[in-house]
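Pasting the structures in now, so scroll down.
Look for chain A in each of the two complexes below; its partner is chain B in the first and chain C in the second.
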Partner chain A sequence: MTDPLSPPVKKDPLKNTRMGHVSPGLRSRAARAMAVRAGQGRFVLQVCDYCCTATYPPRDRCPKCWGTLDWQDQPTGATVMTETTIRVTTDLFFKEHAPWRVGSVQLEAGPTAIVHLHSDVRPGDRVRMELKLDRGGNPALFAMPEKETPNMVDDAQYRTFTADPKHRRVLVTDGRGPVGQAMAKALLKAGARAVFLGNGDTTMRFDGEAEMVAHENVEIVPLNVTDTNSVTKLAHQLGGRIDIVVNTAAVTRQSGVAFGSKLTDLQAGFESEVTGLMRLAQGFGPAMSARSDDGTNSAAAFVDVASVYGLTGRAGFAGQAATAAARLALISGLRGEMAQTGIRVISVLTGPVDDVWHQHVPPPKTAPAQIAKSVIDALTRGLEINCAGDAAKDLFARWQADPFLTIREENQ
Partner chain B sequence: MSNSLLSDLAGALVSGRVQMVDLTNTLSPDFPVIVLPPEFGQCAPFRMEKVSRYDENGPAWYWNNISMNEHTGTHFDAPAHWVTGKDVPSNTVDAIPAREFMAPAVVIDISAESAVDPDFVVTREFLTKWEVEFGRIPPRHWIALRTDWYKRVGTADYVNMQEDGAHSPGPDASAVEFMVHERDCIGLAVETVGTDAGQAMHFNPPLPAHSILHGNGRFGLQCLTNLDKLPTFGAMIIACPLKIEGGSGSPLRVVAMIEGKNV
Partner chain C sequence: MVGQLPYDGVVICAPVTVPYVRFSVETAHWWAGGAMQALARETGLGPADFDGFCFASFSAMPDSVVGMVQHLGLSPRWMDHIPTGGASGVMALRRAARAVQCGDAEIVACVAADTNQIDSFRQTLAGFSRFSQDATYPYGFGGPNATFAMITDNFFRKYNVSRQDFAKLCVAQRDNALSNPIALLKKPLTHDDYLNARPIADPVHLFDCVMPCAGAEAFIVTTPEKAAELGLSTARLSATIERHNAYIDDPVQTRGGWARDIDALWSAAGCGPQDVDMLQAYDDYPVIVAMQLADLGFCDKTELPGFIADNDFTITGSLPLNTNGGQLSAGQAGAAGGFQNVTEGLRQILHCPLGDQVPDAKKALISGFGLVNYDRGVCTGAAVIEPEDLR
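Coming up: the complex of A and B.
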């Protein structure tokens, strides 16, 4: 069993903060393709189109027959063959975290692989493999106990591959709406130490306010992402304490492009969802980057909740699809920047939210609690992208299979 | 110095016999704007983005881009703001003759009534009684309602939005008809977020201040401060809206001249 993670103790102010080293990011295109799939929570290996042999590590051609390779989901079973404890290394991250256990496993899918080992697994054990992203966004195999063990996710090595909210302090940007409030509740349930809940207008009441205020570990903070001054002020005040940012800003209005659209709605959407995202990144990103390896409550992740229709556009909601597309582009850029400092950048994509702005949209709609659950899932598994609800999952699958067909389907 | 009206004024300003009172709230991102039901278009609050401040984007100069609605902060309502004023001549801020931008004010103090009842309604009857006590409202004056509402800025009590809507004082239709047709006012000047009372959408006709003032070519001044610093009669208000082409209103700096002590 794993010792349960203790709440962090107050930092010794005379000690330097440990720098957040990451592994080298210069990888082959094949390794990057594996990373993309790891970010989606899939367990994949390359399989030869000709001899059907699975191979690892990522390659450009089949090592057996030189055939072309294709990524395929694989069974996650494996057996640990050997283990090694690394005590001395030139790698800056592992040097700080030694001793570190690795081992070789025989994958059910065929190949053997060098993998990171959970503290509850030993040579000879059957294990469940996970394909993870390391702090720098590189793919890595992690061997987990086949069956749940006590406090399994508190394993020190495993925690560096996730952004688990347990004992962490989280800023949720829009606490005035149902998504932000569901988010706060889910984070506390997942063990977050504190949730700072943004209130964009401190002089105007909002539904759910009393319930949020009553939570012992929720603090309502003034934050309006459309106001640079507001974001900067809060970042100056709390930047060093925020371990996870969850951006739930959303402006949903029905709109076409040439027909049935309002420029002011589009402007308000961009100001809140796009420029607002950049304000948050500029406000909180640097301080988070400086604390990415700062003990139990190190800064860990920046999560952006956006409409899945950013991938395709959407008839009737063209404006919000446009802002979501812009968010996805900014998030991709931010992910590249933050990977150099060990902070995960996560997109959670939603279908039509079950709120007042989608009253005319038929089901399936995405409940705020589903979005919150999807964010927690992404954090605890260390994902880069996660779909909340059936509508988003369906669209994402169609988009992966045929992007341009899906774009046509969603806009006619 | 030549002996003329303006030179007399200049002398009075220099000596302090005429003093200036700033009636303007500071334009800031958190200054409240009017709140409409969410499905309507909304009034954009004031926003400011730095372009440069002695930095790599401009080593020796500081300046910002700003954005807002025409009706954000202390602002002027032109007749075109309301549908009743859509066909009034010179009804937009760029077309209003400059002579309208300086006018005397009569200050009606309803601060005590408003403190007791945030929904206090000024009626024709109230105004005629007021005239008996203080004197007749002269023509071509701003009629300024002193409510001390500006002291609530920064708190939830300013817009005072409850589940049944906003609650703030204002006039009913009989009062506005009286101001416009019997006292020929320039316009109505208030400290609240709008010239109409918070609950005025439930009045008959709805929103009488907007409807009657603008339908008759009169103006509104909103979100003022410091009306408690003005005398009942004798203040001169200077309110020059920005010359926005076709604009329905404008944020502006509003000041009042009052006679001070001889120095």
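Coming up: the complex of A and C.
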């Protein structure tokens, strides 16, 4: 069994913070394709189009018949064959985290693989494989106990492959709305030590304020993402204590493009959702990057909650889809930058939120609690992208299968 | 399968070693030039005299044999680049021998040279191969230590071999190194020192690992006539084998390609393992030495503890093993580590060893093992050499 994580002790301000190294990022294109699926929480291997053999490590041709290969979901069962505890390494990250256990497994899917070992598994054990992303955004096979063991997710090695909120301090950028408040509750339930809840207008009361204030571990902080000074000021105050940022900023207005559209709505949306995202990244990114390997409550993730229609555009919500598209583009860029420093950048995509701005949209709509659940799921599994609710899942599946068809469908 | 043609009309001569250093500011080119200079001093030959050149290195980037030929002022009519590390010596020997036998070249310099600059080991590991960069090094970045630790872990359980058995091999090699004036590790090693060494990647401990260093090794493959003209002592190539990526369905490596072709080797050599006077084996991790003892036909894997107990692997013992100390004690100069089995075997049968002489050495078995591309060594080769003319 794994010892439960103990709450981090107060940091000695005179001690140097451990630098957040990541492994060398040199990877094949096939490995990057594996990383994309890992970021979606899938367990995949390449399978030959012709002879159906599953293969690993990532290749460009089938080693049995030279057919072409496709990524396919595979059974996660495996048996551990060998183990070693690495005590000496030339890699700066693993040197800090030695000893580190790895082993080889026989995958039920066919191939063998070298994998990270959970502390509860030994040679001969049946294990459940997970395909994770490492701190640098690269794919990593991790062997978990086949059946749940006590405090399993607190395993020190496993925790470097997740952004589990347990014992971490989280900034939720917009606490005035139901999504931010649901987020705060879910984070505390998941073990977060503190939630800082942004309030964009300290002169105005908001629904749910009393309940939020009443939470012992919630602190309402002034944060207006459309105001650079406000973001900078909060980052200076809190930057070194924020382990996870969850950006819930959203401006939803109905609009077309030529018809039924208001430039001011679009501008307000961009100012809050897009420029605001960049302000947050500028304000909190560097401080988080400096603390990506800072013990139990190391900085771990930057989460952006955006509309799934950023992938496609959407009739009736063209402006909101445009801001979401811009957010997705910025998030991709941020992900590339943060991969150098060991911070996960996560997109949680939502369908139409079940709120006052989507009153006329027929169900299924996405409840704030579903969004919060999806964010927690992404953090605890270390995902890169997660869909909240059925509408987002449906659109994402259609978009993956045929992006241009889905764009056409959503704009007619 | 067609049997191997004999290596008539080919001899091997002039083994040279450029003494190793732990770290070097020089380049692989400098070390390769050092090997050529050493060959020149042995033979009196200059750049214009070599019409064949075979090169092995990990650290000559961005150059291959092409860049090296121009760098060193050679103008060969035959050249080859061997990227197989620990198997490169046997492979260079095979290729050069056929080139000479067929008249594609008359005098081939086979050279392996590598430098070891500060941090170059880490950089070599990080970019070693596509599979390793995708699928081994991100897993704890233990390098070959970790890969061989897993192979050793399995080998111990499967064949009931233990560190006690490996201790004997490593201690014997260190004893052998004590007489080699240019071995890097010359502090006597005891059985207890071996067992009490610090763990590196369990069950691999410090004295299971080679010390990366800089150095170069070279030898010449030519015709008997040319060697006679140059006044060089010569050896002949009795038989060779080579195999890559054998037993791909073994989930963990317990055998190398030797096992597949070993009968062909002994049949072509007209002798058996009991007839050799020494074994110059690839020894980066004793588990590979043990694997070779079995795969080359000395014993079954299940008999390894008994075989190791019953034999003495020092220079005057029943089966002299890596008589220069091997890579474990002499150092591993990159691809040159895959050549020292050839140069040392050659020196012993030509009676010009670096250290002590194996008594009455007439037959050397040389075995190479190279390139942990992913989870196992891929390249294997072996050769039997015997003295031809001692001058």
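Definition applied: the second predicted complex is superposed on the first by the 412 of 412 C-alpha atoms of A that agree within 3 Å, B and C clash if a C-alpha of one lies under 4 Å from a C-alpha of the other, contacts with A are read in each partner's own complex, and residues count from 1 in each chain.
We adopt the following convention: a contact is a pair of C-beta atoms (placed from the backbone, for glycine too) under 8 Å apart; a residue touches a chain by one contact, two chains touch by 3 or more.
Only a predicted model underlies this, so the values are computations on that prediction, with no experimental measurement involved.
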*asked:* If we overlay the two complexes on their shared chain A, which of chain B and chain C does A:Ser289 touch? Say first, second, both or neither.
replied: neither
*asked:* In the overlaid three-chain picture, which partner chain does A:Thr203 touch, first (chain B) or second (chain C), both, or neither?
replied: first
*If you stack the two complexes on chain A, which partner ends up touching A:Leu26: first (chain B), second (chain C), both, or neither?*
second
*asked:* Between chain B and chain C, whom does A:Lys262 touch in the aligned arrangement: first, second, both, or neither?
replied: first
_Applying the document's definition of touch, where does A:Asn224 land relative to chain B and chain C: first, second, both, or neither?_
first
*asked:* In the overlaid three-chain picture, which partner chain does A:Gln340 touch, first (chain B) or second (chain C), both, or neither?
replied: neither
*asked:* Looking only at chain A, is it chain B or chain C that touches more of its residues?
replied: C
*Residues on chain A in contact with chain B in one complex and with chain C in the other?*
none
*Note which residues of chain A are touching chain C in the complex, please.*
23-24, 26-28, 30-31, 56-58, 63, 81-91, 93-94, 100-104, 106, 112-116, 123, 134, 138, 140
_Help me check something: in the complex, which residues belonging to chain B touch chain A?_
29-30, 32, 35, 38, 41-42, 44-45, 47-50, 154-156, 158-159, 161
*Within the complex, which stretch of chain A touches chain B?*
202-205, 224, 226-230, 262, 264-265, 268, 271, 356
*Touch list for chain C against partner chain A, complex*: 121-122, 125-127, 130-131, 133-143, 145-147, 149-151, 153-154, 157, 198-204, 248, 251-252, 374-375
